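Both complexes shown next keep subunit A, but they swap its partner, so subunit B is in the first and subunit C is in the second.
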Partner chain A sequence: MKEKRNLIIAGLIIGLISVGLVKAGNPANMGFCIACFLRDIAGGVGLHRAAIVQYVRPEIIGLVLGAFAVSLVKKEFMPRGGSSPVLRFVLGFIVMVGALMFLGCPLRMVLRIAGGDLNAVVGLVGFAAGIAVGVFFLNQGFSLKRTYSLPKVEGMAFPALNVGLLLLAVFGTGLLLFSESGPGSQHAPLAIALIAGLVVGALAQRTRLCMVGGIRDLLLFKDWTLLSGFLAILVAAAVGNMLLGGFNLGFANQPVAHTDGLWNFLGMATAGFGSVLLGGCPLRQLILAGEGNSDSAVAVLGMIVGAAFCHNFGLASSGTGSTANGHIAVVLALVVLVVIAVTNTAKAAQNAKVSSSQGK
Partner chain B sequence: MTKVDARGRSCPEPVLMTKKALASGENTYEVLVDNRTAVENVTRFAKHQGYTVSVTESEEEFTLSLTK
Partner chain C sequence: METYIATFFTHFGAVKFARDLRSQGKNATLMPVPRDLSSSCGTCVRFEGPQEPIQWVPHAPELDRIFLCGQKERTVIYENTGE
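Our next item is the complex of A and B:
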């Protein structure tokens, strides 16, 4: 019960901070968007050249360092890794392809719904469908295999990279590419964005908040606990938007969104399915990476590279709609997800047989 | 008593492994995990199934004793 209460409180705070970040300068319904922000960072360091989505988002750095600091204090900083790292890189890549088809990570999907964007409701249905497919494979024994303890310095590497990125954003802006127009040019002041990230990172670390885990646990165990955080974000952001005039119900003319229902559905289905196989949504991967989890750090790197590919190869959607290249990429991504799911499920069954025949 | 070794597994796998083991309907189980999220999730699940849970911690490992 205490867990659920804490999740609801954290969710309400995160929802309000998200609305506040939009007020402070972020694009509409984009107080937080892990996919969009990692995409902007990829552009900021020149991994892609889409001029309207380039910026080093301090929120991401804050999320990682907030989780890092709290996990150190609470003695939960545990460097771990070695659970199918390359597959996790590919899964991170694929989650990004799906998210940029829809134009948002699961967290921004909730924030879009809270802004009245009904396209995001279509995305949510696809997201839940993708999670249901992933849950099917989990029940069949899908596993990316176990992790192992690693040296402290391995777990410190990803937080250290974020410190480096922050120093670059403060002192080395001449080296970075920052958008002069479009979503990348709209951002809250650096200090506000960084503090918002730190607070949300700390809250998400304590509560294990996860957009994918919420729906997954409901389907697997009939457990509403994690989902309550997700619902609290929705309520707080919707109320905040209504009070500040950011609520606009409908499909058409939604900010940084398109109305292509089929591809909104399939994009989030891809993101949901891929995230279940990873064990958590993009936000959760960032938090775990902050806690020293190398596997999650690799997944985040996969997302960043995936975002660069999405813009270099014209896969990402824009306000004007989805692209033919993007459609092909999402279909291919779904095929790869099924291959990863099937091969890692069949192996688990085989291993079990082998060990039982050896009498272990 | 059945033992479940979920060390190295990240969620939701420890809970799924526990769920599978609990299907045998015994009164006591021991679940080994190595991260706090797994401790919380397995504890929550076991309590829902009517078990009382006690946790002992030793060197980055946790032993959960489930009793009905």
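Our next item is the complex of A and C:
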């Protein structure tokens, strides 16, 4: 009960912070978007040349460092890894392909719904369908195998990278790329964005907020605890948007969104399926990486490289719609997800049989 | 009879452990890992049985920790440190 209460309080705070970030300069319905912000960072450091989405987003740095700091204080910083790192990189890449087809991560999907964007409801249906497919494989024995304890320096590496990125954003602006128009040019002041990220990172670490975990737990155990946090984000952001005039109900003319229902559905189905196989949504991967989980750090690196590919090869959607290259990429991504799920399910079941007979 | 919660490195490890316990006639329930036990949001197994569970629980290489559930607190009684 206490766990659910904390999640609801955290969700309400995160919803209000998200609306506040838009008021402070972020694109509409994009107080937070892990996929968009990682894509902007990829552009900011020159991994892609899409001029309208290049900016090192301090929110991401704050999320990682907030989770890192709280996990240290609470003695939950645990460097772990070694669970199929290359497959996790591929899964992170694929989650980004799906998210950039839809134009948002699961957190932004909720924020888009809170802004009245009904395209995001279509995305939510696809997301839940993707999670249901992932849960099917979990129950059949899907596993990327166990993690192992690692030296502290391994767990510190990803937070340290983020400190380096922050120093670059503050003192090395001449080395980075900055959008002069488009979503990348719209951002809250650095200090506000960083503080918002730190607060949300700390809250997400304490509550384990995860959209994928929430729907997964609902399907597996009929447990609403994790999902209640996202419902609270939805309520707080919707109320905030209504009060500040940012609520516009409908499909057309939504900010940084398109109306192609099939590809909104399939994009988020891809993101949901891939995230279940990873064990958490993009936000959760960032938080776990802050806690010292190098498998999650690898998944985030996969997302960054995936974002760069999406823009270098014309896979990402825009406000005008999805692209033919993007359609091909999403179909291929779904095929690869099925291959990863099937091959690792068979292996897990086989290993379980062997270990069971060894134990007798 | 004591109550225990076992956490795992993987979801499938928990599914298999619960299945094996049930085949021994024991009461085992799959559920989300409570926040006070871990910052991980995976699946755990709540089960009942006599003392010293490590003597009688099924062989499970993916078992992470076993907690003994007291009236108010939970105590770690087994931790898989095998690398």
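One rule holds in what follows: the second predicted complex is superposed on the first by the 355 of 360 C-alpha atoms of A that agree within 3 Å, B and C clash if a C-alpha of one lies under 4 Å from a C-alpha of the other, contacts with A are read in each partner's own complex, and residues count from 1 in each chain.
We adopt the following convention: contacts are C-beta pairs under 8 Å (C-beta built on N, C-alpha and C of every residue); 3 or more make two chains touch, one makes a residue touch a chain.
Note that the structure is predicted; figures quoted are calculated from it, not measured.
Once chain A of one complex is fitted onto chain A of the other, the partner contacts of A:Gly279 extend to both subunit B and subunit C. Contact with neither subunit B nor subunit C is seen for A:Trp224 once the two complexes are overlaid on the shared chain.
Comparing subunit C and subunit B on the residues of subunit A they touch gives the larger count to C. Using the contact criterion defined above for the overlaid structures, shared-chain residue A:Gln205 touches subunit C, although it does not reach subunit B. After overlaying the two complexes on the shared chain, residue contacts for A:Arg146 are found with subunit B and with subunit C alike. Where the contact sets of subunit A with subunit B and with subunit C meet, they give residues 3, 76, 78, 83, 138-139, 143, 146-149, 208, 213, 217, 220-221, 223, 225, 279-280. Residue ranges on subunit B touching subunit A, taken from their complex, read 7-13, 15-16, 19, 34-37, 40, 44-45, 48, 60.
The touching residues of subunit A, when paired with subunit C in their complex, are 3, 6, 71, 76, 78, 83, 138-139, 141-149, 205, 207-208, 210, 213, 217, 220-221, 223, 225-226, 279-280, 284, 291, 348, 352, 355-356, 358-360. Contact residues of subunit C toward subunit A in the complex are 9-13, 15-16, 20, 30-32, 34-35, 39-43, 58-62, 83. Considering their complex, residues 3, 76, 78, 80, 83, 138-139, 143, 146-149, 208, 213, 216-217, 220-221, 223, 225, 279-280, 295 of subunit A touch subunit B.
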